[in-house]
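Both of the next two complexes hold subunit A, though its partner changes from subunit B to subunit C.
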Partner chain A sequence: MTDRDMETDHLPENTGGAGHGAVTTVAEDPFQDPGLPAHRPRVTDLDPRAAKRAERQVALLFMIAVVGVIGSMVCYTFVPNTKVHRFTGLGTVNMNNLALGLCLGFAFLALGCGAIHWARTLMTDVDLVQERHPMKSDPESTAFAVSEFKQGVADSGFTKYPLIRRSLLTAMMVLPLPAVWLLRDLGPMPKDALRHTLWAPGMKLVNPNTGQPLRVSDVTVGTLALANPANLNDDPDERIDNLAKAAVLVVRLPQEALKGSEAQKKKQWDWSVDGVMAFSKICTHVGCPVALYEQQTHHMLCPCHQSTFDLSDDGKVIFGPAARSLPQLPITVDADGNLVAVSDFREPVGPSFWERG
Partner chain B sequence: MSATTAPGAGAAGQYDDVKTDPVSSWADERLGIYKGSKNLIRKVFPDHWSFLLGEIALFSFILILLSGVFLTLWFNPSMGEVEYHGSYLPLDGVSMSQAYASTLNISFDVRAGLLMRQVHHWAALIFIMAIMVHMLRIFFTGAFRKPREINWLIGFTLMVLGLLEGFAGYSLPDDLLSGTGLRIASGVILSIPIVGTYVSYFLFGGNFPGHDFIPRLFTIHVLLIPALIVGLVTAHLILVFVQKHTQWAGPGKTNDNVVGLPLLPVYTAKAGGFMFVIFGVVFLLAGLVQINPIWAYGPYTPDQISAGSQPDWYIGFLEGSLRMMPNWEWNIWGHTLSFNVLIPSLIVPGILFTALAVWPFLEQWITGDKREHHILDRPRNRPTRTAFGVGGITFYGVLWLAGGNDLIATHFHLSVEALTWTFRVLIFLGPVIAFWCTKRIALGLQRRDKDKVLHGRETGIIKVSLEGEFTEVHEPLSAGERYRLTAHEVQKPLELGPATDENGVERPGNRALKLRAKASEAMFSDHVETTVEEYKEIEAGHGHH
Partner chain C sequence: MNTLSARRRHPLAAFVVLFLALGVIGATYATLGSSSAKASASVAATPEQLVEGQKLFQSSCSSCHNMNGQGVQGSGPSLIGVGAAAVDFQVGTGRMPAMQIGPQVTSKPPIFTQDQIDAMAAYIGALGAGPDIPDPSLYNGDPNDAASVSNGGVLFRTNCSQCHNVAGAGGALTDGKFAPSLRETSTKHIYEAMLTGPQNMPIFNDNVMSPQDKKDIIAYLVQTRTGSNPGGLDLGSIGPVSEGLFVWTIVLGLLIVFACWIGAHTTKASRARVAHFEATTGKDASDND
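== the complex of A and B ==
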């Protein structure tokens, strides 16, 4: 739409309005701009002693800054970094940090306050008026610039040789592609990595702190145990990446606590050892480890976004933004009575992704 | 009046007695500093407390750069695992990344290291806070209007870069809290349709967390984004100089002048002094108030978390958005669409930020106003814009509060489920209520201004007449105050002419025009106008009270 199509009558300048723009209607207009008020002198403008006092105040502030800066270096050197002290309201404080912060903080504050005090008391406070000019170029500059540009374009032959023009534009269009293409080696293709964890048939569940295999007797109703796959430390380079997918939590539920359809209850019980069952610790929302276990209700809460899973109902989401149940890891016992995995998880753990399906 | 006009070519010898010092002249002969600075030295800046907000952002950014350089001298951006044996005994022997170990080293073994870490973190929090409040000031006073739309966009980009830079910064130490933040970010990336999994694998160099991400983030945090911010801040400031600062309406202040104090000496002293005041406040905070005690969180490991995990304040709105979203997820044709992550973390902020970026252009389209504006609006005089702004703040505020729903729940003994549901309702209702209330308040304030202009100021002096009637004495406003309250334009809604011309041909762009007229009607129809005629009528009628 061009300016010509638009109604401009509604713009205040054209409606007459209160007519402030037109200062020419003098005495007629009680709302007119009375102009800049007369300057009111400050005490320091009138009284030389006040000005002298202000000078001393500014100088004092600047000297405080000097003291603070030197003090900070003294503190850096002599206040031990290891000394801590407990202050009410501040908690335990590193004394070196406190001393440095106070010295430099007050030094900067004094320097700043000195400069501002100087400006406010002793520098001019008489308002100056400068004109504004429209940002738009004047017609002469516009005409000159346009003709210069046209001359430049004409000299280049950019419009005269379409083949050059088009091939150049094509070249410019393909030019940015390598900026993306050459980044290919940033990472490997995901393939099916998100679908697999370290869990495999017969893999022992071990206590993350002691490294000891977990046994059925270690888990009673109401306790929450954590477990890692026994081979987690085999590849130190990949340990954390593997842990991010394989971490499980182990709880024990009485059979009568299970909810849901018969098929679901049967599955959940079959994948457990006498009610000792393992669930993925990785939230199906965005991947935080779920951590808060409510023993009575068997609810598992993720502290990040409060997704709540009911472990007695096959890990179903009962509140919060997570969409999918916590995956259960099928487990059994080996000949020595240690808990071991029956297989890997039967579905991908952790956050959803496009290819998950 | 100061010298705004450049001295023209005078008679030969006219300037012979102008003394220049040899150093400046040396520089001038090579750089032309005299002609370059002649209009800058005494350039006038208007004075108002609200113009300092952007300065706070600038000065805290300077502090971030300086303290950041200090930190890079010791920080080791590596995810390689080491066993810690430093001064902090509770973590002795614990396996951790070198990034985390070197951050512990900066905190406990490098003198002034903790101070600089805390300066860096406090200054970053203040930086983003100042940017946002500055942006709100620009919004509510209409300082984004022509010719400053480009500077609005630059400022908007700086705000977004600030958020990214802050998030990148607090993710670097690789402590449990920052690692959790990255885990959430990786989950968000995975939710992006089609390319999400690939983007995640490329960014992290494979599985999360991998070994590549912190070194990559480090380069982004200390080189890429700071360079962009420095460049854009420079452009931002150049435009402020070229376009000259806006000013409030008042006696002697017009759209064609700028009234204030000169750069040299007053603004140099005031702004320079203010810079040191900001430095001082940040150093005092860094000395006195602990921030981000990463040693208390422990090193990141993907199977651990602490309850009450909170991001830095400026990420809180995204956190809240994620928390309050219902758990919608679709599986179609073997693909997963995680609306529960996609909507709150990418679409909602996308809409919020886009609305912010395009507002100046939207408003200009509605008003059809193509003139330059250098006099600021008082927020009450633009009730609809102000109401939109407060509605937006409310929307953001509800998101932000929802980001702390667990802490609110534990602190006030409330149910986190009930709180989440409250926020789910408030996110829709809150902005509407805020919009409506703000508009009423703004129009009420307009009426009060009108009352003041027409009837004068309430003096608090009560007179009793002989009949026993109590009246309050009103004092007429000064001419300056009257001007200040009436100087704004009263925007009238756009009125449409006939939809067809005399030949019955439909006006081009009719539908767009109708939409504009409707928007204009909604925005401006209820503005309160105080006219000279009203004033005169009252003056003539019963004079002063």
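== the complex of A and C ==
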């Protein structure tokens, strides 16, 4: 038995004195160490028939796991994944998924239950005590380690030869440099790609829903329209990158809705066509597509972190983590009534980047 | 002496701590997880409808929208030019007449019959040009038409899902406003909402989004209501909030209860059984090497 092997001098005094872990009474001090409870044998330790029964139970649980695994393969084959059933209060459930989940779930449950039942009834039943001692070494060990270190320093001549010592330290310091040097192959660097989008003078605003150029008359007060540059699909390899910078939202604001300084109002109106104005769809926080538009308050929300931009105040941030206003794209109208860009954005769109300044 | 500490070895202490902890977790998560267009002209308005509509309007709507629908500063907007579709949506979903002015007027069971709504819609439609009530052929999207549902899904994700959630379950906006769930909304009202932009919803007029595109979006929405749910339980389709709440409270709670149950049921023999064993065999029961 294990308790005979234990170092008894670390254990509390047994007040009962009846051998192994006699019950101690809690006296005035309720925090007193109550000591170890007495070891109690299990039913399966005393009764061989109980042990045999537990063995069969564990085996049965493991066989249930086998049935569950086989059942999952049967369900995978024979329950059509088009069959759905509506459970009241739970919603619509795909029966194939449900059957697979139940079979495999029961298989895992049975495996776990079997393992636990095995450990609790049949595996060796011993009480283990893990002693906790202070982490600090005793003074002799500390003194021995210090003397060994000093002896090593003296033997190597680390203090005696400063040239060797310093050159070794230098060598150790430059050792990680190659790992840093490899970083120069990351890239290619974006160069000025973050500062420019596909918008250029005369570029038509195309409605992605219809594929047609957006016209001034399409955008009534209260309307939210999306627009992409007409040449978006010219370079299929770069399409997504280009879209992620160039996407704009087009709304129409009445002139009296504009807020802010006279200069800002004039700029915002001048960059619009009779109130039809285009703002970058890319949030200035981390670049999510802002498009939750409240047409009465002219607030534009970002779904990711709830940054809120007031389009009537030149896209100013009125809530959330974004640091800069939504950039406005200066637009005008061509001879056919289509909306076209006056130029590219006048500032980089989207989130901040290192060299943005 | 702190008597609470003295009872820490009570058999029920672990359960008390467990339920307190579960309660705190549950309460925390519950708190954090909280709630120009034209359409085919319907049947032309009859003179009787206009008279009836004006009567209903003046008795039920004019306190906020004024006697001739020109609006009252601070309480109700002008209805001149909003069109019959706006009236059919607002009154048909019970939003109007509004009970009180708040961040957002919510839907409730309508208080007018469809005939009365049609009469008011005809009257408001006659005040100024605006979208008419759409013909059923425009909004009855077919949820079994795969191409239509697929196109509608793309359009819904691009134009609508940012506010209404990808499955149309709705979502929060600013200052108590919200985009309502579209799970129960009738197809006619969805079409009218796109056409007229009720409250803070933007307008998606027919030039920005064609009638066929609107119909495809409706087909997609109807399909998401009735179609299979490959992920199993949708838990309201509102994403990680409800899923996390379910896993962290219910599933984790069940696992903890199961673990406690295992720990609470001993496999040890009773004292009587030990005594019986020692009496019958003459061996020391605790010596089980």
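Note that in this section the second predicted complex is superposed on the first by the 249 of 357 C-alpha atoms of A that agree within 3 Å, B and C clash if a C-alpha of one lies under 4 Å from a C-alpha of the other, contacts with A are read in each partner's own complex, and residues count from 1 in each chain.
Going forward, a residue touches a chain if its C-beta (ideal position, glycine included) is under 8 Å from a C-beta of that chain, and two chains touch if they have at least 3 such contacts.
The structure presented is a predicted model; accordingly, all values stated were derived computationally and were not measured.
Shared-chain residue A:97: touches subunit B and subunit C both. Judged by the touch definition given at the top, the superposed model places A:121 against subunit C, while subunit B stays out of reach. By the touch criterion defined above, A:82 reaches both subunit B and subunit C. Applying the stated contact rule after C-alpha superposition, one finds that A:46 touches subunit C and leaves subunit B untouched. Shared-chain residue A:36: touches subunit B; no touch with subunit C.
In the superposition on chain A, A:193 makes contact with subunit B only, while subunit C stays out of contact range. In the superposed pair of complexes, A:296 makes contact with subunit C only, with no contact to subunit B. Within the superposed three-chain model, A:219 lies in touch with subunit C and out of touch with subunit B [touch as defined at top]. Counted by residues of subunit A touched, the larger count belongs to B, out of subunit B and subunit C. In the superposition on chain A, A:231 makes contact with neither subunit B nor subunit C.
Common to the subunit B-facing and subunit C-facing surfaces of subunit A are residues 1, 20, 30-31, 34, 81-82, 90-91, 93-94, 97-98, 101, 116, 120, 125, 208, 226, 289, 291-292, 303, 319.
Residues 1, 20, 30-31, 34, 38-47, 81-82, 84, 90-94, 97-98, 101, 116, 120-121, 125, 207-210, 214-215, 217-220, 222-226, 251, 289, 291-297, 299, 301, 303, 308, 319 of subunit A are the ones that touch subunit C when the two sit in their complex.
Interface residues of subunit A, counted against subunit B in their complex, comprise 1, 3, 5-13, 15, 17-20, 28-37, 76, 81-82, 90-91, 93-94, 96-102, 104-120, 123-125, 127-132, 134-135, 183, 186-190, 193-194, 208, 226, 228, 236-245, 247, 281-282, 285-289, 291-292, 303-307, 317, 319-324, 350-357.
Within the complex formed with subunit A, the residues of subunit C that make contact are 1, 5-6, 9, 36, 155, 158-159, 162-163, 171, 173-174, 177, 179, 197, 199-205, 207-210, 213, 226-235, 262, 267-269, 273-274, 277, 285-289.
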